[in-house]
Amino acid sequence: MDAPWLTLVIVAPLTGLPVLLLWRSISDEAARWVGLAAALAAFAVSIGMLANFETGEAGFQLVSKHPWVESVGLSWFLGVDGFSVWLVMVTTFMFPIAIAASWKVDHQVRRYMAMALFLETVILGAFLSLDLLLFFLFFEALLFPMYYIIGVWGSKRRIYAATKFLLYTMFGSAFLLVGILWLYIESGNQLGKATFDLTALEQLRLSTEAGRWLFLAFFVGFAVKVPVWPLHTWLPDAHTEAPTKGSVVLAAILLKTGPYGMLRFNLDLFPEASRYFADAIMVLAVVGIVYGAIVAMMQRDIKRLIAYSSVSHMGLIVLGIFAFSAESMDGAVLQMVNHGLSTGMLFLVFGMLYERTHTREISDLGGIVQVTPWLAGAYVVAMFSSIGLPGLNNFVGEFLVLLGTFSVDRVLASIAILGVILSAIYMLWSYQRTFQGPAKERWGSLRDLSWREGAIVAPIVVAMLWIGLQPGPMLERLRPTSELVSERIRTVQVGEAVEPLARTSGPGGEGP
Amino acid sequence: MPLDNVVFWVFAPLSIATAIGMMVVRNAVHAALFLVVNFFTIAVMYLLLDAPFLFAVQIVVYAGAIMVLFLFVIMLLGVDRGDPLGERLFGQRTTAVILAVAIVAEVATAIRAGVGFATRAPEGFEAANPGGNPSALADVLFRDYFFPFEVTSILLIVAAVAAMVLALRRSRSVTQREIEEHEGDDLEAYAMAPPGAPESMREGTR
Amino acid sequence: MIDPPRVELWAILPVLILFGGAVIALVGAAFARRADQAPFALLTLAALAAAAASALWLWQREPTTALEGMVSVDRLAVVATLTLCGVGAFGAYLGYHYFERDELRRNEFYALLLFALGGMALLVAAADLIVVFLAIEVLSLSLYVLTALTFRRGPTEASLKYFLLGAFSSAFLLYGVAISYGAVATTSIQGLARGLAGTTGDQSLAIAGALLIVVGLGFKVSLVPFHMWVPDVYQGAPSPVTAFMSAATKVAVFVALVRVLHVAFVALQWDLGPAIAALSAASMVVGSVLAIAQTDVKRLLAYSSVAQAGYILSAFVAPDRDGIAAALFYVVSYAAAVIGAFGVVMLISGGIGEQTGFERFRGLGRRRPGLSALLTIFLLSLAGIPPTAGFVAKVFVLGAATSAGYWPLVLIGALAGVVGAFYYLRIVALMAMREPEGDDVADPSPLPRLVLAVPAAAVVVLGIVPGVIVPVLREAGVLTW
Amino acid sequence: MRTPIAYFLLLSAILFALGSASVLVRRNALRIFMGVELQLNAVNLTLVAFSRMHLELDGQILAFFSMVVAAAEVVVGLAIIVAVFRRTGTTDVDRADVLRG
Amino acid sequence: MIDLIGLAIAIPLVAAGVNMLVGARLGRYAGWLGTGAMVASFAIALGALLDLLSLPAGDRTQVVTVAEWIRTGAATVTLDLRVDPLSITMAMVVTGVGSLIHLYAIGYMEHDPRPGRFFGYMNLFCAFMLALVLANDFLLLYLGWEGVGLCSYLLIGFWSERPEAARAAKKAFITTRVGDVMLLLGLFAVWIHFGSFDFDTVLGSEGSLPEIAAGTATAISLLMLGGAVGKSAQLPLHVWLPDAMAGPTPVSALIHAATMVTAGVYLVVRTHVLFEISEVALIVVAVIGLAGALHAGFASLGQYDMKRALAYSTMSQLGFMFLAAGLGFSAVAISLLVAHAFYKALLFLTSGNVMHGLHDEIDVRRLGGLVRDMPWTAALFAVGALALSGLPPFSGYYTKDAILELASHDGEVWTYVLGSLGALVSAWYIARLFFTAFIGDRRYEGRAHEASTLMRAPLVVLAIGALFAGMWLALTPDGRLATFLEPVVGTVAEGHAGPSTQVLVAISVVLTLLGIAIAWRLYRPAAAERWISFPEREPGLAGALGHAFYIDDLYAWIVGTVGLRGAAALERFDRIVVDGAVNGVGRLAVRLSGLAPIWQSGRVRRYALSFLAGGVALLVFAVVRV
């Protein structure tokens, strides 16, 4: 079917906004349904996008390009390739779930839903933009709704956490902005017309030195979002204080804009610098993996623990990206999706428990499994997914990343693989302390999962199993792109000028 | 030594001396008088620079009108007691002197580069003053500068309005009761040093 | 006998209309001091509308200078005048609401407002430094009085400080004009450009003149370190006056600065650039950092306007059309956001007592959701967070600075933006994320909110489709000499 | 004329600096304002000197405008000072510090 | 039936799914469902075995494609199962012994509130285990490998309300994970070297050896050995197994005796080609096996908990299997594996009977004289014990004897001597258990009740297996099983000359009898006082044995003290230094901002000063040329 799919995907969540914004006396229940319906609509549209995605193509597809502010070279330039298609899918998949999971939000529901839908739109926009300024616009625009969601509906230290989140990420994007502007001006010098068009900017011939500085600017911008050690400390606070939905979205989707940015922009625009800095970045990533895991182990707060586990897992993704092998890139992208599912589900299920117990302290919990076996079961599934058990989704990604890395650098891969052990330690240890052990009197009357909650969790479990057992369909669509990028990066020699990228443009062509 | 040099070397030091005097004396009336003298010396300089019309205007407007207004206000406000000698702001005077010297040095450097210290004004200024200085000025003023001249009228209207608004307020609706009513919350509303700024950060003594 | 001068009054029609309106208002106020102020407000709005219409009419004209080279007729002036008229309209409405609420009669307000606007409209068209100087004096004298208009202690003190420092800065401005005159033997902006274009050799004198002019103008737009009056005056002045002057003064003076830096002294751009960049950086950093600790919203916005001035100035290091367009876009979006922000603050501050401390804003999102939503939009724009005009503006000016090669300045600006986000969103957090304390009498009239929704809409629209005005601003940025 | 034009300019600079210094060191608003007047006069001297140097009258015209402005400023300034005095009973600017921080 | 082998995995998997999801509704039928699934699986495996036997020896490696898995461009990865003598033997053990244990568990778990969950996990385990042994590539093997680990975790922690069970489950998973990681690295190395995970590619087929240098082979095989060591609880990753006994006894029997722990042996045997190319790796295997056999054998002597003693026994027996594999006698290792599956399952289940009959009492110091209350159990235990101790004609005899005989032939005397010592200790500790628990005076209160028929019947079958498997399968180097396995694991090379078989058999029997005799000497009923007070009399020796030479304690110290302190220090570092820096910047900005009143003092003269200073500073740009 010929339709501006990508624009539709981005706009779909917005369909709920007019109702939510203008109908001020809307009942809470209705607001929830509007939010859910809009999110589901986005999911439906994204399925359509996926159906029209041509397998085996490396380049951008379903491209739509319209000038927006012509005089400054800003255009509404969207496109999807193997990297972004699954990130879009996981976004549209997780958002309805996250919204359904926040059914219990009871104040300012209308605003909550509006913010959630707005957030979804901008995140989708960030994943689909091929115009640097457009990307940056979305990248920055997602800060405020997230800030607002954490700050308004979060728990006790929410304002501190929200502010820290916002400032830290803005700090990173300050560098990103400088980099983007520099490229923009350079494009004016080299191409005659300044533009933010990614495909045009790829054609620039940058000096080695300039490329490296720009790489660093972009990298810092994305590294904060990932977060790459040691820029991670906003994450535990934000995760911990955010409401369940916020944590889910933050972990599942928002963090992915960081590694996605690296994959899309750093690697494409600055291949030489990417190679030059790869070793250092891989070291940072490995440090992050081990460090995050060890620090996670010592947390007393489950959400903090999960947050630090994210630091560890995200390190793996960065490792995969900068190992530059097709496998590791496949793995990194897969892992972005997987981490979204598994960590998202951990937050989701723990959020359900939190609704019942109102405590996040490990030491307060214990013996839950006897009382609420299904809830515990759901947690166990998410936990083992996160640990990387074969058969579940995370394993596939981890395996590919580590495999790809191992072929490049055995030592780093061998250290990184410690994360696999450490994740088992902190996860199982915390599970033991929170869910197992003698049943505590005060948790004797907890309800088990309701049907609604079960229905929220079930799709994720299905997705986890599907990816874990049948990663083929994903890899098929991913592989050509990662091979293209990997191929290009690997042919680059450190210290040598780089030939501009010759990207075979995918089908889809101009939009209507 | 040509006459104009003599005049310059007499009046320039005097000018500086009176400026310093204006700056340092305690009594406001004395300061105003020093300033009047200073304005006279500047008027003399105008004469040296072949600007007789401005010489006259300087004396009439500045020394005559403006300074009288100053003295009038000084008297009106009864503030002829003089300034206290002590400086309460740390380093204010020293820094002021340093900055004053610095700005002179900078401007002097610029002048040296742009004009040169030894450059003398070319002769033939009479040619620019056909029919005498006032008449020539009038030519320029009412042809090239007629629009700015009109703008000054607006400026003077504004000034008049301003004076009227500011000065007439006592006689109008603001009553004593209104003042009393608001006096308290005034201080509250405006005395808003950020909390946590320790007293020591605030300069001087109240 | 001298040749009669050419009196092309059409060229300054907007200015004439504004001054004319001012005089009428003044006469009216003189005869009806205690009268209902509504007619005055309507008169002001009518004058503004007429001025705007006449400015639009001027858009079609070929760029030229008129009145013996004293004023320019060009699109830059037109755009700036239109903006000023818009700002003036909101200022007039806010003032009306402000004085009406406390049943104060300050009918001189409208006359002074129109005088100030007239001075500004003249400033943006000025083609000669002497006109710049005179126009600045007109607007300054008006603003000094406006600041003091409620004659309470704060406003009076603010007025005194504003006046003393303003006079001080006028001296610098005039000295700058004098030295420029000394260097090039003309005060005409285009004359300066022509005079400097051909010359080689040591330009110290001209640079010194230019810099002194920058000092004088920098004072008006609150650049560090000439900004120190700003917090005191913005806080002390009545809110509508603050709203008006923070927006309008910046529009007018920055446009004058465009003429000074992009035309008159454009030949010296490589010498002036570093100085401009230093001022810009200092303003962004100092303004942002000092705003952090503020606990009074007006004062906080005052410091923020210091930082904002720094951003606008950063576009001036790039002396080209893009730089001008960027600065203009920033100025326009800033004006919309800041007048809106001060407007909301005024509505919340609860009258002439001007309670603008943070506690007043706590939990406002629950008590007055409409106003707090509006303020949030304005603050987001000031913080440069999409999808608001502030974001686009920031990208534009920093892009302009990048194109001139001043990337450290860009980095400083971007990082200062982080600090900025902190204090702007602190207010958002205060309103949305804290529990309200005590109760508040809701403003029953929806009119102020509707009026302030206009700049809010502008901010959002410009944020999403900046293309609607960018071509116009680029047109305005074409300066010929 | 034998006196180099720069001498006048230097004298003017010195007077300008002295005027500035007066603004900085005096606490009485009136005397601060006198400092400003001195500055304006200094500038006028510069203008007239340059006028002489360039052999044209624009500088003198500018000086003339400057005097008008100074007069207008004096009117407004003195009115403000009087207003402040009425409100607070002092012209000491150091006492005007309720607005700060 | 070979083509249907996929069903052998699928049926337990489906049953597991049903049991886990709706098991609560099934009640006691859950057990029957689980058992039925296992029996069906067994039947399929049996059919496949028979089919295989009907083929000529050279064609007995069949690959069954179950599904297409990953298709990228040209390459297609399919999900294949491999049916060959080795895998079908393993599958028979898993399904056969598994069926019996499931059946037993119906009775054993009848009072448990969550039978559905239990049997679900058990079936899931069997499915994974079958995937592991039937895999035709390392990826599926690894899937099964981790899957059984998961089930092990779930089943050890089945009674998670008991803190020790939860702890043990976690410990088991994490410890084996250390090994798993090495296996994973081994797989990466395989991928890099071969570009494939296929057994045929990696291990060579049709007698052709893979092309690989000895050094690489050493690296790969040692990494795989790491995985095997973890899974099979060998030194130094053995510490989890004794603790794992906190799980229900059928679990101990199935997972921690008969099947999962032997996966390590299976892996080594499966990849023996690589080990043989490496040679070094082979020696390491033998050394680890021997060390494990002795270490665990002696440690078993110090245990008073019957199940722990049996756990150490399992480790010891696994050590023998590793020894055999390390000496190059893969077929013998598998023979021992099969035999061990029978008698060790039997021993565990009989001790399960004891627990069942005595309310979970398992400490031999509080048992004794059980033979009177539980004659069946005692007799079955005796059969198992005799099989383990290696007396002819029990199954253990054949295998142990084969190992020792081959060791003696191999020329390395130390392997034979130490192996014999291990055999002696085996007889000693198992006899010790029998003597202390089943004969003598009762040291428990009340009466133990004999197990139900349901729980006895499978034991009888196992006992028959323990008795006759050795004879029937002729688990000797040239016996029926070895011949069957030959196409996969190769022949057992005839070693150098050594003592004749008869002499060796005699020595072996004598040693076994000696072991039993020592046990009788020490643990006969009359000496009960002595051995019970042994720890008080000889705290050093008893402690060393009881704590298995303190290795676990060392680990606990390293992990629990050093590791935790390190982690805590790192956490503090994160909080104070890394996050502290971030917050410090923020605080610095606020502090700086708080300084505003110094400058912004409200004094207009200060403002003018600032103004003038700014002007002066700016004018510098006019007079100073850069």
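Each chain gets a letter, A, B, C, D and E, in the order it is written, and its residues are counted from 1.
The rule is simple: a residue touches a chain if its C-beta (ideal position, glycine included) is under 8 Å from a C-beta of that chain, and two chains touch if they have at least 3 such contacts.
Quick caveat: nothing in here was measured; it's all calculated off a predicted structure.
The minimum number of touch steps separating subunit D from subunit E is 1. Both subunit B and subunit C are touched by D, E. Seen from the Cα centre of subunit B, the chain whose own Cα centre is farthest off is E. Taking the mean of each chain's C-alpha atoms, the chain whose centre lies closest to the overall C-alpha mean is A.
More C-beta pairs touch across one of C-E and C-D than the other; that pair is C-D. Averaging C-alpha coordinates per chain and comparing to subunit D, the farthest chain turns out to be E. With centres set at the average Cα position, the gap from subunit B to subunit E is 97 Å.
Centroids of subunit B and subunit D (each the mean of its C-alpha atoms) stand 2 Å apart. Between subunit A and subunit C the centroid-to-centroid distance comes to 42 Å (mean Cα coordinates, whole Å). Distance from the subunit A centre to the subunit D centre is 63 Å, each centre being the mean of its Cα atoms.
Residue positions 594, 596-597, 600-606, 608-609, 612-613, 615, 619, 622-623 of subunit E are each in touch with at least two other chains. For subunit A, residues that reach two or more other chains under the stated contact definition are 167. Counting partner chains per residue, subunit B has residues 89, 92, 95-96, 99, 103, 106-107, 109-111, 113, 115, 144-145, 148, 152, 155, 158-159, 162, 166, 169, 186-187, 190, 192-194, 196-197 touching two or more of them. Inter-chain contacts, as defined above, occur between A-C, A-E, B-C, B-D, B-E, C-D, C-E, D-E.
Contacts from subunit E toward subunit D in the complex involve residues 596-597, 600-605, 608-609, 612. Interface residues of subunit E, counted against subunit A in their complex, comprise 68-73, 77, 114, 117, 142-143, 145-147, 150, 153-154, 157, 160-163, 166-167, 169-170, 173-174, 177-178, 180-181, 184-185, 187-189, 191-192, 564, 566-568, 570-571, 574, 578-579, 582, 586.
On the subunit E side of its complex with subunit C, the touching residues are 589-590, 592-594, 596, 599-600, 602, 604, 606-608, 610-611, 613-615, 617-619, 621-623, 626.
Within the complex formed with subunit C, the subunit D residues making contact are 9, 16, 19-20, 23, 29, 32-33, 36, 39-40, 42-43, 46-47, 49-50, 53-54, 56, 58-59, 61-62, 65-66, 69, 72-73, 76-77, 80-81, 83-84, 87-88, 93, 96, 98-101.
The touching residues of subunit E, when paired with subunit B in their complex, are 594-598, 601, 603, 605-606, 609, 612-613, 615-616, 619-620, 622-623.
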